[in-house]
């Protein structure tokens, strides 16, 4: 009953533009496998490049949010959007970044009951509001962030990560993007 | 930041009625640990006994639904109800029952994209309707079940499992019931 | 156009296990009629026994909540779940327990406008949150209960009643359980 | 704990414009009591007159829908809007019009499980769609009405009744309009 | 692809009762065109008269709310109800009343981000609560209105406008009422 | 009461990286003004570049969807997300692309009642499903698209536009991004 990687066709690596093929090969060397999102998006080279540039601008930059915290945002909002690929793949990355085998499953199920700090709770409350009711975001939300030491720029980062993965969640659901088997056990110690 | 087992007090094993203490000790011998739900409910002996009797009547009985399928119902509806304990504990049981390390995480994130059979898809669609909009269940739903070979008695079983764990999900969220660390890695192969 | 008691078959009383038949006969003697829920559940003896034990553990025990208050919880949450049997049958019981012919219809329509005390309003707000968004229950809710003199154990009772009848509401809707004609006029004075 | 008729002030009958006072006195003679909606709206004479004219245009006119059927629409949509006054007052009128002591409570709790004809079921499904998601009404809905013999003009009537009482439900909730005690027992046989 | 004025038939002006024909002719002289709502409702003379009387009682009366503010309420709630006719026609009236070519489009898209005063923000928050969750309106809402100088009678006016146009929105969606082309550009300066 | 462009600071053009400043100057020459989204995003150069690259990959590419149709998707989904900037700015672009002064306001209010083709209706239904319930997208949706001649690649385009602007809508709401005054009247003929 195993499903395909995507309901859309996947190009052969050899047919991809050089920059995309090389990026995929680099990821494969580093991770030991090619995360399916790379394969699934590669049929649209311009979108692929913009997606990866956006992703890296949000997830790899310096800032007050730790890399584990950024992944918490991805997992919490992707669970609300019921995105199987994102919950499973970024759950794995969160376990690794946080060096915590439990945190991803906790946040995916109900972040309000997870082993997180009060600052992280406020961070995730804001991420979820951006994800689910952005039209109601108001100055009161920024004040709550400020009260736990999260700056205007942190607010932007949280919102941008929640928004970018909201896009990603929708596309993954439309393409029925399948998470690689490797992700399920990564970081479980 | 690790949270307690429950926000309510947990009696000492020695203070429990004999039948409950013995049941807990039996579970501990069999599983190697005491699932927290037993400890958390033990402060209310009459409710504990009824809960366990109900659980066993639904989950251990004979019937057309396999034990793995029953756990699929638990995981899918508990994810919709955002019950951390039930998703994580029954996710583990589902992995073991189905002998499949991937299925629980798939169903928890979005059962519509999981590696399940068409019959299981109809089963979970019905379970989710009972869980979320039972007031709209109609003969058309029974007809869809029948079309994949699920009988009137199977419909009852599916509905009863979704309903019973809907109760369990609510209580677990009210008590902030914590899943035992052991569950996270069980059945991952 | 009168509907049957349940869309599932109803066993003959003579075919039921002795304990269940006797319990039903006792209820009939006391009430003058057999509430349909007893007949509808009797086809599943193990579930019947667990259901009744659970019900009695929650509704007949001692505690700070009066029996009328417990029935208020049933009526308010059953109305939200659109359970015809529970609203009508427990509406009757509420009228009798509260010695008030108006209260059940008021609570069923909109408990926020009913003739209840501030303590009962907080009790019902909490019951409704457990019923509809249990995943968001937090310490702030317990504080609101405490402010009107409702203890931790009262909180458990409210939550357990809302959760148990949430299960019951779902099953009643799945079986299209019909309320006995007797219930409609009981307790109307 | 009994609440006032309305949270807004109620003029004295003697201070009302003649036409409104006379209309109220006529209702009182006919019914034996003054339904609170007349008192509560009388503080705004122009709105009072328009409201009553609209009400009578929809509820007293000739047409294919029986008067009982029109009251079914009121009760079903008012229950969805959680309007205590409308559910209780029009529940009484429905019992009288339908000469059926059970129908109002059934429809208020879950009209899908009520003792109604297939034509009435389609009528109420349409009324509920107009009440809750009018922006999605489409030609398919008119086709469903036509299939049970409900005409274009019947569709207008159903929609207008659901819409008018949607207005009434909102105002009654804003003013916390209390149903007269008399309504609860009327028509219960 | 241009749609008709209404999915229901439109009587000829000559066939209308005198008072309705004259009212329509007066509007036409004043506005330069006949807003389609007059034509669409004219097939039901009694409803037409009650509708117009209600409309004028709410929109043309004296009071603390300016005529522009009343139109803000119409536009905000009609947008939430996805009523094309009301958003476009009353958007035009709002631009004219407020002498502001931007305000209607802002409020239709998201009134929380519009160029309005704090008092108008509270007014629209209350109007939206009446429109969407009137059953939860409570004294706290009246206190918020009072804090920005909006009286009990203003509260009634806001609620009545939101409720009346909620009725109008539903009927306009059921009849697929088309906004006159003239409205789109009116008041854009 | 006019609001600022964004609640976040806006860099001076002179302080921006050369490529971003030049892109903005080019847009200004072409449009006669600088759409505020360029200014608001410029404080994050890497995100700015990825956003614009993604936008152009979706909106400027060849394909079966006309440029007007792509803007219809933006307007319909942005209205559902209550994004003032996107509804107003892309409403203007839609009017220009479609050479139709009415279409944008119609789609923003309720696309189901707009002057669009059956193919465009299916396109917008799919876009809205991706925007609001992507987790439920299934093969049945692709079949509906196919039935009006929309290919797999068109489905991807629709989904990607709805998803990308879902991200954009969220960020615009978080930053309270103000639409330039020029947009309101553009393309109204």
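By letter and in written order, the chains are A, B, C, D, E and F; residue numbering begins at 1 in each of them.
Throughout what follows, a residue touches a chain if its C-beta (ideal position, glycine included) is under 8 Å from a C-beta of that chain, and two chains touch if they have at least 3 such contacts.
In this text, all values refer to a predicted model and were calculated from it rather than measured experimentally.
Student: Count the touching C-beta pairs: is A-C or E-F ahead?
Tutor: Higher contact count goes to E-F.
Student: Please state whether the interface between subunit A and subunit F is built from the same residues or different ones, using more than half shared residue numbers as the mark of same.
Tutor: Looking at both copies, the contact residues mostly coincide.
Student: When the C-alpha atoms of subunit C and subunit D are each averaged to a single point, how far apart are the two points in Å?
Tutor: It comes to 28 Å between the two C-alpha centres.
Student: Let me have the rounded angstrom distance from the C-alpha centre of subunit C over to the C-alpha centre of subunit E, please.
Tutor: Here subunit C and subunit E have centroids separated by 43 Å.
Student: By the touch rule stated above, which residues of subunit C touch at least two different other chains?
Tutor: Counting only residues that touch two or more other chains, subunit C contributes 82-83, 110, 135, 173.
Student: Which chains touch which?
Tutor: A-B, A-C, A-E, A-F, B-C, B-D, B-F, C-D, C-E, D-E, D-F, E-F
Student: Per the contact definition, I'd like the list of subunit D residues that touch subunit B in the complex.
Tutor: Spelled out, the residues of subunit D in touch with subunit B are 110, 112.
Student: Note which residues of subunit D are touching subunit F in the complex, please.
Tutor: 135-136, 138
Student: Spell out the part of subunit A that touches subunit B in their complex, as residue ranges.
Tutor: 1-3, 78-79, 82-84, 87-88, 91, 101-102, 105-106, 108-110, 113-117, 173, 176, 178-179, 181, 184-185, 188-189
Student: Given the complex with subunit F, which residues does subunit A contribute to the contact?
Tutor: 7-8, 44, 46-47, 49-51, 53-54, 56-58, 61, 81-83, 130-131, 134-135, 137, 139, 142, 152, 155-156, 159-160, 162-164, 166-171, 173-175
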